[in-house]
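Each of the next two complexes has chain A plus one more chain, namely chain B in the first and chain C in the second.
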Partner chain A sequence: MSTPEQLIICEHCDCVYQKALLAKHQKTVCTRCGGVLQRHNGLTVEQRLALSFTAAVLWLFANFYPVMSISLQGLKNSATLWDSVLALSQGPITFMAMVAAISIIIAPAFQLLLLIWVLGFALTARRSPAFKLCMRWLETLRPWSMLEVCLLGAMVAVFKLAGMLDVLPGIGLLALAVLSLLMIRIAGRDIRDLWDMP
Partner chain B sequence: MSRPPTASELDLCLCHSCGLACDMHDEPHQCPRCDAPLHRRKTNSLGRTWAYLLAALAFYVPANVLPVMNTMMLGSGADSTIMSGVLEFWEHGAWDIALIIFIASIAVPGVKFVALSMLLITVQRGSTWAQQQRSKLYRFVELIGYWSMLDVLVVALVAALVKFQSLGDIEPRPGILFFGLVVVFTMLSAMSFDPRMIWDTPPDKELMDDPIQQ
Partner chain C sequence: MTPSSNDRPPIPGPAPVKTRRFGFSLVWIVPIVAVLVGLSLVVHNLMQEGPTITLTFKTGAGLAANKTEVRYRNVVIGHVTEVALSDDQKNVNATVKLDKQAESFTREDSKFWVVRPRIGAGGVSGIDTLLSGDYIGADIGQSSTRVKHFIGLENPPAITYGEPGKHFTLHTQDLGSLDIGSPVYYRKIPVGQVVAYALDQEGKGVDVEIFIHAPNDAFVSANTRFWNASGIDVEVGANGFALKTESLSSILVGGIAFRAPDYNPNDTAASENQRFELFADQAGALAPPAGKAQYLALRFDQAMRGLKVGAPVEFLGVEIGRVVAVNLDYDEVKRSFPVNVGIVIYPQRLGRAHEKMIKALQHDPNDEASAAKLIGTFIDNGLRAQARSGNLLTGQLYIALDFFPKAEKVAFDPTARPVVIPTIPGSLELLQEQLQTMVDKLNRLPLERIAGNLDANLVELRKGLTQFNARTLPGVQNTLAEVSNTLKSANSTLAEDSPQREQLTQTLDELGRMSRSLRELADYLGRNPESLIRGRPDNAGPMDLQGPPRK
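On to the complex of A and B.
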């Protein structure tokens, strides 16, 4: 029997397979349930680290520049992501402010910090301190990071308000758009490949 | 058709955190590679999934009945619910936006309730019906899960922007709390469900293609 590292178990139906080497755009699929087992990962550690730094800068832009601004009869106002979290924090619905803060600000920030931390050490073929803890947190955070939903939400908000007043998308919205796409690419589950490094 | 061996037949267990195939010979409680707790199946999966699903269903009622936001324009205020927001876009001819909000806020939670209940009931009956399709359905439910947060984030952004006191003011209302809770609880429900149970059927129901079990 081969060693456990060469085996792959389908998480949807428990079937066991040998790991395969994949070429570009290839993926392996479970023959019983049709779930994806492996997907080709085109990113090297260097590329992934570079994209993580890019995403970190974009996170700063998305959070410190207004997502959009409006004007109504000479009055102007603009809102950042944090402002919209604060808007939910008043009254009995404070709990939702916490959920929103986690899903659009805190979870992506932690994902990026953890990625830069583990990838920075992986660059020199080392495991970072607390590597196990960091990798497990990356798994835990993933489903709660909802930047792409936030992007669609911001676009819906533009249309919602455009009927009543003048809306101007801000730098934050542009940064949010690129950041949400980058996160899909770099924070996906193929980060698990780091486990296979010595 | 013969199928590949399963993890339980080889005495292996998948680590959900790092994906390692762990040898269960000495009954380890932790993954030897990442220290995450190991379970052959998610703990008490059926009970937890039902509990989260019913909680979400209970919150679904106030989420749709209570107003999610209040719009004050030049002194006259109006509460709006999720459905009235969709209808407003529809009447203004923005059918595409109306459709996006309708799908994310009303259709997606509805599909999740129906799909998860169906998966739970068929698993409890040990059904072998359409196993591959049910597996696909579960992956679909997991994929669409968090898009329902859309309305919460729209209300948050809009409320943060429109703050002109008497001229115009938008405030969130308690409906959005219940709506957010529906999303969180349906996500927890989908996470508690173990899709491998779809394939854990009693051996006599399986077509006799499995020499190891003989």
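On to the complex of A and C.
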């Protein structure tokens, strides 16, 4: 029997395989269900950490700079992510504001903080304190982080409003776009590699 | 292993590997760039951040935090970050974050006001704020002191600082229908507007501030007259009916017109903020300047029916003032009701006479005491006021100041204020008075006695006449008959065939002959003077035969 570090389970059909070392552009596929088991990840721990820091900065941008500003005949309005949450909270369904706040602000922020925490220790090939808790939370938070959804919603709004109003995408929207792409890259499933550390 | 022990090159062994404690991967450039971008944005924001000021408004209408903008020339120079009640809850304080470039708006005399849609008689403004919401308009100041707190204006200033032109102050008795924004006309072209008005310090007049836009401000000279062009001027004169107005809008919102008099030598352009008088109408404005007013009091003993406030006061036929008050008074001594008439005269309206008088008498027009003294000397010379009828139909009276050398002397009190000018009754009253005295005199005549005497005389006359008829007339008749006889006899004497006339003719013939013979004698003597001595010769010519025989 191999050690758990050398085995991998297909997440779709629970078939167990031995881990393989992959080169660029390679991936392993489950023979039973055809699901992807492993994908080559070109990022070192250090790169991930750097990208996490970048993502943190972008998160700040997205939250403190207007995502977009609209203007109509001199009537002007602009909103940051936090403004949109506030707007929802003043609406009829305050609960929605909480969901939005969790999915587009709080969840990504926690993800990033945990990533930085874990990766910072992984840089020296150590497990961080409360490593297990952090890793579990990272898994738990992933479905709650809906930056892509928010980005898509914002883009749709920009395009739909463009005909009626003057819509000006702000720095926040750009940051949001880059942030959501980065999150996919750094907070994906590959994070499980960290379990291999002693 | 020592190089000296053998000449072979040393066997290559593994070089010691040193691991960098902190390897620096190029990937760190990414977060660094992100941080740098973020920092640059933050720094840029900080650099852009201008001063924070507080504006105090009466109400917070139209002000919204983080939304209401501050604009200058419709360019955003800041925005309201907070709207809150003042500590005493009487005002609204709006905190405004200005941009860096708008730093100069913290000058002490900068102005801020809320731009909202306004509809006035002069037009509609701020219509764009219907959609965009109200914003705060700003006007840059010029003062060198900077402040953090401003009082917001309730109404937008009509003229902003950058506008080229000049401000002038007009002084008038009342505002009339003028308002901020009322136009100022020059030859019926609007060249400026009223920007402010306020009561003067004593509350006895109104100071109207106007602004004339460049380049037309050059037409305002030191001699320029301003008048209120509001409303309609209706004139009914000998030439008919005339209606004058500046423009339709000036009827509605009032207006001011200005012009310099036509004869206007040595005129200079007016300076900024120069003060002018605002006249009620064009005629008053373009008339020669009235100069200093002199108040005089008149006291009439007769009724002043037809004398109205505003009636003209004329001096030797020149209008120099007007009546300002007509009041009834009670005289305790005489137990009568005299009429006190207050008049105001403008000595400068006398024109050259006034100038010459001042020069000749070295009179200071501002010295009230000497003016009273001067009037005193005029009164000694017979200056009197008289109410005269200006219009026989309506009985309108006017006051005439005239010299009446025959008027009774009156004691003049030079200390009384206002100066009192003695009066004499008007010409109509004078006539009445004279008639009255005549009637009085007639009344005093002893008509009864005269009539009695006359009656007696008449009786005697009658007696005389009867006597005359009875006695004298028959005698007269006889005399007349005798005269008739005499005339008859005289007539017969002178008749053609009377013997007296015959004799007369003969006598005359005789006389004729005698004169002829005398002439012959004279002739003869002329020829023969010796005959006077010797006598007539015998051989006298036949001529002499005619003569009377001689010897």
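In this text, the second predicted complex is superposed on the first by the 196 of 198 C-alpha atoms of A that agree within 3 Å, B and C clash if a C-alpha of one lies under 4 Å from a C-alpha of the other, contacts with A are read in each partner's own complex, and residues count from 1 in each chain.
The rule is short, and it goes like this: a residue touches a chain if its C-beta (ideal position, glycine included) is under 8 Å from a C-beta of that chain, and two chains touch if they have at least 3 such contacts.
No experiment lies behind these values; they were computed from the predicted model shown.
Trainee: Record, for the superposition on chain A, whether partners chain B and chain C clash or fit.
Mentor: After superposition on chain A, which the two structures share, chain B sits beside chain C with no clash.
Trainee: Contact-wise, after the overlay, does A:G163 reach chain B, chain C, both or neither (first, second, both, neither)?
Mentor: First partner only.
Trainee: Figure out whether A:I104 sits in contact with chain B (first) or chain C (second), or with both, or with neither.
Mentor: In the superposition, A:I104 contacts chain B only.
Trainee: According to the stated criteria, A:I171 is in contact with first (chain B), second (chain C), both, or neither; which is it?
Mentor: A:I171 contacts chain C only, not chain B.
Trainee: Once chain A of both complexes is superposed, is A:L60 in touch with chain B (first), chain C (second), both, or neither?
Mentor: In the superposition, A:L60 touches chain C alone.
Trainee: Looking only at contacts as defined up top, I'd like to know whether chain B or chain C touches more of chain A.
Mentor: B
Trainee: Output check: A:L72 vs chain B and chain C. Expected answer is one of first, second, both, neither. What do you get?
Mentor: both
Trainee: Examine A:A50 and indicate which partner it touches, taking first as chain B and second as chain C; both and neither are also allowed.
Mentor: A:A50: touches chain C, not chain B.
Trainee: Applying the document's definition of touch, where does A:E11 land relative to chain B and chain C: first, second, both, or neither?
Mentor: Once the two structures are laid over each other on A, A:E11 reaches chain B alone.
Trainee: Can you give the closest approach of chain B to chain C, taken over C-alpha atoms and in whole Å, for the superposition?
Mentor: 5
Trainee: Report, in rising order, the residues of chain A that make contact with chain B in one complex and with chain C in the other.
Mentor: In the superposed arrangement, which is not itself an observed complex, chain A uses residues 72-73, 75, 77 for both chain B and chain C.
Trainee: Which positions of chain C touch chain A when the two form their complex?
Mentor: Interface residues on the chain C side: 23, 25, 27-28, 30-31, 33-35, 37-38, 41, 67, 69, 128-129, 131-133.
Trainee: So in the complex, the part of chain A that touches chain C is made up of which residues?
Mentor: 44, 46-47, 50-51, 53-54, 56-58, 60-61, 65, 72-77, 171
Trainee: Please name which positions on chain A make contact with chain B in the complex.
Mentor: My answer: residues 1, 4-5, 7-9, 11-17, 31-35, 67-70, 72-73, 75, 77-79, 83-88, 90-93, 95-97, 99-100, 103-104, 132, 135-136, 139, 143, 146, 149-150, 152-154, 156-157, 159-161, 163-165, 192, 195.
Trainee: Which residues of chain B touch chain A in their complex?
Mentor: Chain B residues touching chain A: 3-8, 10, 12-14, 16-23, 33-36, 73, 85, 89, 92, 94, 97, 100-101, 104, 131-132, 135-136, 138-139, 145-147, 149-164, 167-168, 171-172, 174, 176-177, 180-181, 184, 187, 191, 195-196, 198-199.
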